[in-house]
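Paired with subunit B in one complex and with subunit C in the other, subunit A is shared by the two complexes that follow.
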Partner chain A sequence: MMDGQRTPFQAYRYLLPALVLEAGFVFAPLALSLFYSVHRVRYYQLGDFNGVQNYLDVLSHRLFLNSFLVTCSFSLMALALTFAVGFGLALFLNRDTSGSILLRTIVLLPYVIAMLVGSMLLKWIFSTDAGLVPLAAAWFNITSPTILADPDYAMAAMVANGIWRDSAFAMVMLLAGLRSIPPNLILAARIDGAGSFMIFRRIMLPLLRPAILITLIRLLLHFANVLTFPLILTGGGPNNATETLALRIFRIGFEDFDLGKANAMAIVLCLFNIVAVILLLAVFRKTRGGQSL
Partner chain B sequence: MRTKSKLRLAVLAMAGALLAPVAALAQTVTMWTFLNPASETPRDRALKQIIDKFETANPGIKIKVESQVWFTLAEKFVMAHRSRSAPDIGWVNGENMGLLVNSGVAEDLGPLITSKWTPALRQDLVLPQAYEWVKTGGKQVAVPIMALSIVLFYRKDLMREVGIDPAGIKTWDDLAAAAAKMQRSNGPNVERWGVGMHLSTDKTTMSFGANALAAAQGGKLFGDKCSALLANENGVRALNMQADLIRKHKVASQESFAYTLDDVIEQFIAGKVALASSGNGRFGNVMEKATWNGKELGMLPWPSLDGKKPGPQIMSGWFASISKDSKQKEAAAKFVAYMTGPDGMEIWAEPGGQVPLFKSVFDKPVFKDAKYDPLRQLSQMWADAEVWLPAECNAARTFVDLNTATQRVVLGNVDPMAALREAEAASAGRQ
Partner chain C sequence: MAVLRSAPLRHLLRGLVSAVIVVAALFPIFWGLMTSLKPARDIVTFPPSLLPATVTLEHYATIFKAGALGFLLNSLLVSAGTVALCIGLGALAAYGLARFEFPGKRAVLVAIIAVMSIPVASLLIPTYTLIAEIGLVNTHVGLILVYSAYQLPIVIWILAAYYQSLPIELEWSAMMDGYSRFQALWKVVLPLSRPGLIAAGLFVVVFAWNDFVVAVTLLSSEDTRTLPIGIYNFLGFYGREWGPLLAASMVSTIPLLVIFVVLQRYFMAGMTNGSVKG
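Presenting the complex of A and B:
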């Protein structure tokens, strides 16, 4: 091959390492999951081909709809609030003063703590009988509700877990987007008489679109699939009020020992993720008048 | 050239001579347990002593302990077997015995251990049923290390303070009344609840309601083919009794719906609840860690709905199993036989604080001391009301189903019978 010449295979050579990784860590497990989902796999032992029976069983179970709705409501609430808090923090800390650097570090702390440890910490904080929240409430002569044993409060606690931990991620992503905006654009707008809100709406927001989209997709996928929050913080309760699809998969697979059904549900969750991302992309395209990003 | 060859041979011979004894020594048996011999709880210390004594007596065998989280031990053991990475010995808790029995990963310990017992040793067993319980198709899939049951812990000092004789608590109403007297509040805030219950839908063990139901059904929670017997009049009474401790008597926190067994015990140790259910295996640990005088710790027989006789002691425990894939079954079996035999049982009793499973151990003079009274009391409670649920049934999740039913009744205002029907169906789906 001579310098400057390209062969059709050259691109694939560069892509090969990434494709191998994808094949090993994404496609192979997905194929295996699909395989298990159409077989009877009880007590971790592969049984007979089962067709779509596992799918029918999990979809017709009375708790499936509950888990689906819990996943949707948790994902949407956590996504909106985490993004809003993360965006606010990014705008507030978009400068390099010593105070901002210190604050950024503090905000990042929950994100660098292991998810499991963070959720255990919050469980202790929210506990009515032994936690910090009731203690703080008592100082103000307020009787604290039983946060983790009330269906509504338990969902709120789970959303709070998401905001507490992941707004730092949103902040980092959006801060990187903000830093990529050329300062002379903003300067020129100011010279032309634009106010802060106008600069935000007409310059920053359009230029932040890629960062916003990536942040939203990443957060949405994270919240739709997260297991640690419901497993550790609320245990899916009370009265299944916080039992997400991910937790249900875990329980069917590792507590009922039925990997066939668990994998069928995992495939359903995978499809749910794909649909959610497509919807998000569609909303973004629509707001941009049909143009791609 | 010839000199070089001789030199090579000499080096090889020396290396072989040096390495041969090492190879002969190196028989390492790996064991998965929830205990950690490097730790300091009574059971951890007991396991360390057992291993030390065994290794001293058997210099050719080393026991390598790999500590695991207790509630996933059985699953990990079975999964490891499927991926050909199982340890030689795995501990399995009684609630997950169904997994071990149904998965078929365990070696038959009959030829390796129990068939070698003398008739005298068989006569010496405190709980012969514990061995029969883990036999399936004539195969001994495990042997008991320590027997456990969920018992009611109480504080003698609090009972004295409010003038209640623990022996007088026969029914669940008696228990609710005693709990109400021991409860302490400061304004609207409860400082000490009368009863601690674990009603979460996370990994759980037998609840008050499950015990009451089993008592009302002659110790039965499962029928044929592991079908749970929940949706009936007894089930409704048991479920209402459990729910009433929260909604009517108000002696248990609504947060019970978020508590696991571990949470309840932590609360009990901290003096935040007056009565709590727990595995008896934690008796020594609670005594040591209690923020109040640990010597005031006592165990109550279970109440029952009618009070005619005590509720059942639904038996469970920790069992040792050997993987079918083990390359050193004989060595593993030798250790299991020691750990679960009379010598091992003596150490499990002291310092481990467990009821020895051989009568001859309990009869030794050292165990006549008053500090072993709780073990004797427990042994008597087992003799009076021992019940073994079918090992092949997934009992752990059925307990969760009952907890879910209680949550649905209290928080969702669902009819108790309807909630129990759902629980029964859920249980049937996973057997």
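Presenting the complex of A and C:
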């Protein structure tokens, strides 16, 4: 079916427009970013070459360490909890009754609506004005906390935002993994006398390994680069307690107007992402074994 | 464990868990909708009431007076432009991948997966730098080009998988009847690929309609604002006046939910397509 021999480059007639667009708006920006990151840039005016000075400046800034730690702790908490909830949902809804199909659709709604809107809805729920937090506090007989003004509660709110929105993503990915397990295998194990836990531990988990790895890496990439949650929900506050790396970059670029430093930091974040993507590709290669595409 | 074996208890437990899931997923959306329908003075009363005592559309009137219609139209325009460009370029590129072996194919596939996986937020400053350099800041064209570059990989991936599921003999017989290869794609393959096209289009629409972070960096003036940027500016303008803020959020959410609920089976297929199975 492949007529590659005759005209090996014929495929590029179809691919070229798409490749040009990607080169122009994904790869060229990265190259330009690299160029800007080694120059002085003030108020969008490109200045002199200054080597790695921008990198040294951003990496040694006291808020860099803060945002790095905030990003790490947020990512790890959100990753663990979102994955756990998503896995639970996938196991719970892994059947094709109309009830399960409806529930899957409902779980996906927080994922489908705009991130901005989702964070705004949660900001309203967590605000003192809405009256829900004071109401809950009165119920438990404790003094009502001002959630978004307390560093720990604000972080918890941001993690809750992640779980609320992204569990659906984990659920869908893991459901697809569960679907790919041949039912005969589970049936055979059951006939051999294996209990539910044994089947889960010895059959499902090993066969789900690729799906689990891909889900974890993609969630990690998503959380480590999160911008909308802190920007809308917490504003990075209180006192920078929820300022993630992506928000820090955004502020250096569009509040301090220092595109040199912002690009330097964007490159640092991109390097992290590239490492994660390489891991992802390695998982792909292992699982797909080069069939089909 | 013995308790769980009894069928009625199992059912009850399942029902309870289901109820918790529904409330957790939907309550924030429901609460936002209810709040947006309450008169301003009822919004901050304590204890809060779940349903509005009197229903009012005053907050919706407020935001439409403040330009929400323009933002809505901008969002429609940008979404439509992005879908057209993505499907146009994606349908072609996917065909190249699905039906040819060629030097560099592996590199193209790796690039597609990489662009699909790199989060948009880490590309914002580089993208802004480039768009400013070529003078497309604050234009819808610039926004459409950037959105398309981000969404094209997933479109190509979904469509290539779809093309591969179609029998190639159909194209052969079309070509025997005198069609060129390109005509065969246009007149035979594309009409058969409707489900794939819908799934891909849905992904693009959801992204373009919802995007906030790209638009907030690339757009600056009121007349180009898309809906999410309009809402973001309301957040600065209205501050703690939640009525208009939540009304604007609902204007963004409701059309999307309708589209999603109607077409959701395509969406789920697209989400896992190429991520786990391929």
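The definition used in the following text is that the second predicted complex is superposed on the first by the 232 of 293 C-alpha atoms of A that agree within 3 Å, B and C clash if a C-alpha of one lies under 4 Å from a C-alpha of the other, contacts with A are read in each partner's own complex, and residues count from 1 in each chain.
The rule we apply is simple: contacts are C-beta pairs under 8 Å (C-beta built on N, C-alpha and C of every residue); 3 or more make two chains touch, one makes a residue touch a chain.
Being a predicted model, the structure only gives us computed values, none of them experimental.
Trainee: After lining up the shared chain so the two structures overlap, which partner does A:Ala188 touch, if you call subunit B first and subunit C second: first, second, both or neither?
Mentor: A:Ala188 sits against neither subunit B nor subunit C.
Trainee: For A:Leu65, is the partner it touches subunit B (first), subunit C (second), both, or none of the two (neither)?
Mentor: The answer is neither, since A:Leu65 touches no partner chain.
Trainee: Have a look and say if subunit B or subunit C is in touch with more residues of subunit A.
Mentor: Touching more residues of subunit A than the other partner does is C.
Trainee: Tell me which partner A:Arg42 touches in the superposition: subunit B (first), subunit C (second), both or neither.
Mentor: After superposition on chain A, A:Arg42 lies in contact with subunit B alone.
Trainee: For A:Phe254, select first, second, both or neither according to whether it touches subunit B, subunit C, the two together, or no partner.
Mentor: After superposition on chain A, A:Phe254 lies in contact with both partners, subunit B and subunit C.
Trainee: Applying the touch criterion given at the start, work out whether A:Thr146 contacts subunit B, subunit C, both or neither, answering first, second, both or neither.
Mentor: Touch status of A:Thr146: first partner only.
Trainee: Tell me the contact category for A:Met198 with respect to subunit B and subunit C: first, second, both or neither.
Mentor: Touch status of A:Met198: no partner.
Trainee: Of the partners subunit B and subunit C, which touch A:Val117 in the superposed model: first, second, both, neither?
Mentor: second
Trainee: Check the residue A:Asp129 against both partner chains and state whether it touches subunit B (first), subunit C (second), both, or neither.
Mentor: Once the two structures are laid over each other on A, A:Asp129 reaches both partners.
Trainee: Have a look at where A:His222 lands relative to subunit B and subunit C in the superposition and call it first, second, both or neither.
Mentor: After superposing on A, A:His222 lies in contact with subunit C but is clear of subunit B.
Trainee: Under the contact definition given at the top, report the residues of subunit A touching subunit B in one complex and subunit C in the other.
Mentor: Shared contact residues on subunit A: 44, 127, 129-130, 134, 254.
Trainee: Could you list, by residue number, the parts of subunit B that touch subunit A in their complex?
Mentor: 72, 75, 78-79, 82, 99, 102-104, 188-190, 193, 200-203, 253-258, 260, 266-267, 270, 272, 394, 396-397, 400, 404, 407-408, 411-412, 422, 429-430
Trainee: Under the touch definition given earlier, write down the residues of subunit A that touch subunit C in their complex.
Mentor: Subunit A residues touching subunit C: 1-4, 8-15, 17-19, 21-22, 24-26, 28-30, 32-33, 36, 44, 89, 92, 99, 103-110, 112-118, 120-122, 124-125, 127, 129-132, 134-135, 164, 169, 172-173, 175-177, 180, 210-211, 214, 218, 221-222, 224-228, 232, 246, 249-250, 253-254, 259, 262-263, 265-266, 269-270, 273-274, 276-277, 280-281, 284, 288, 292-293.
Trainee: Subunit A touches which residues of subunit C in the complex?
Mentor: Answer in residue numbers: 17-18, 21-22, 24-26, 28-29, 31-32, 35, 43-48, 89-90, 92-93, 95-103, 105, 108-111, 113-115, 117-130, 132-133, 145-146, 148-150, 152-153, 156, 160-161, 164, 168, 206, 209-213, 217, 228, 231-232, 235, 240, 242, 245-246, 249, 252-253, 256-257, 260-261, 264, 267-268, 271-272, 274-278.
Trainee: Once bound in the complex, which stretches of subunit A touch subunit B?
Mentor: On the subunit A side, the touching residues are 42-45, 62, 127-130, 134, 138, 143, 146, 148-151, 154, 231, 234-240, 243, 254-258.
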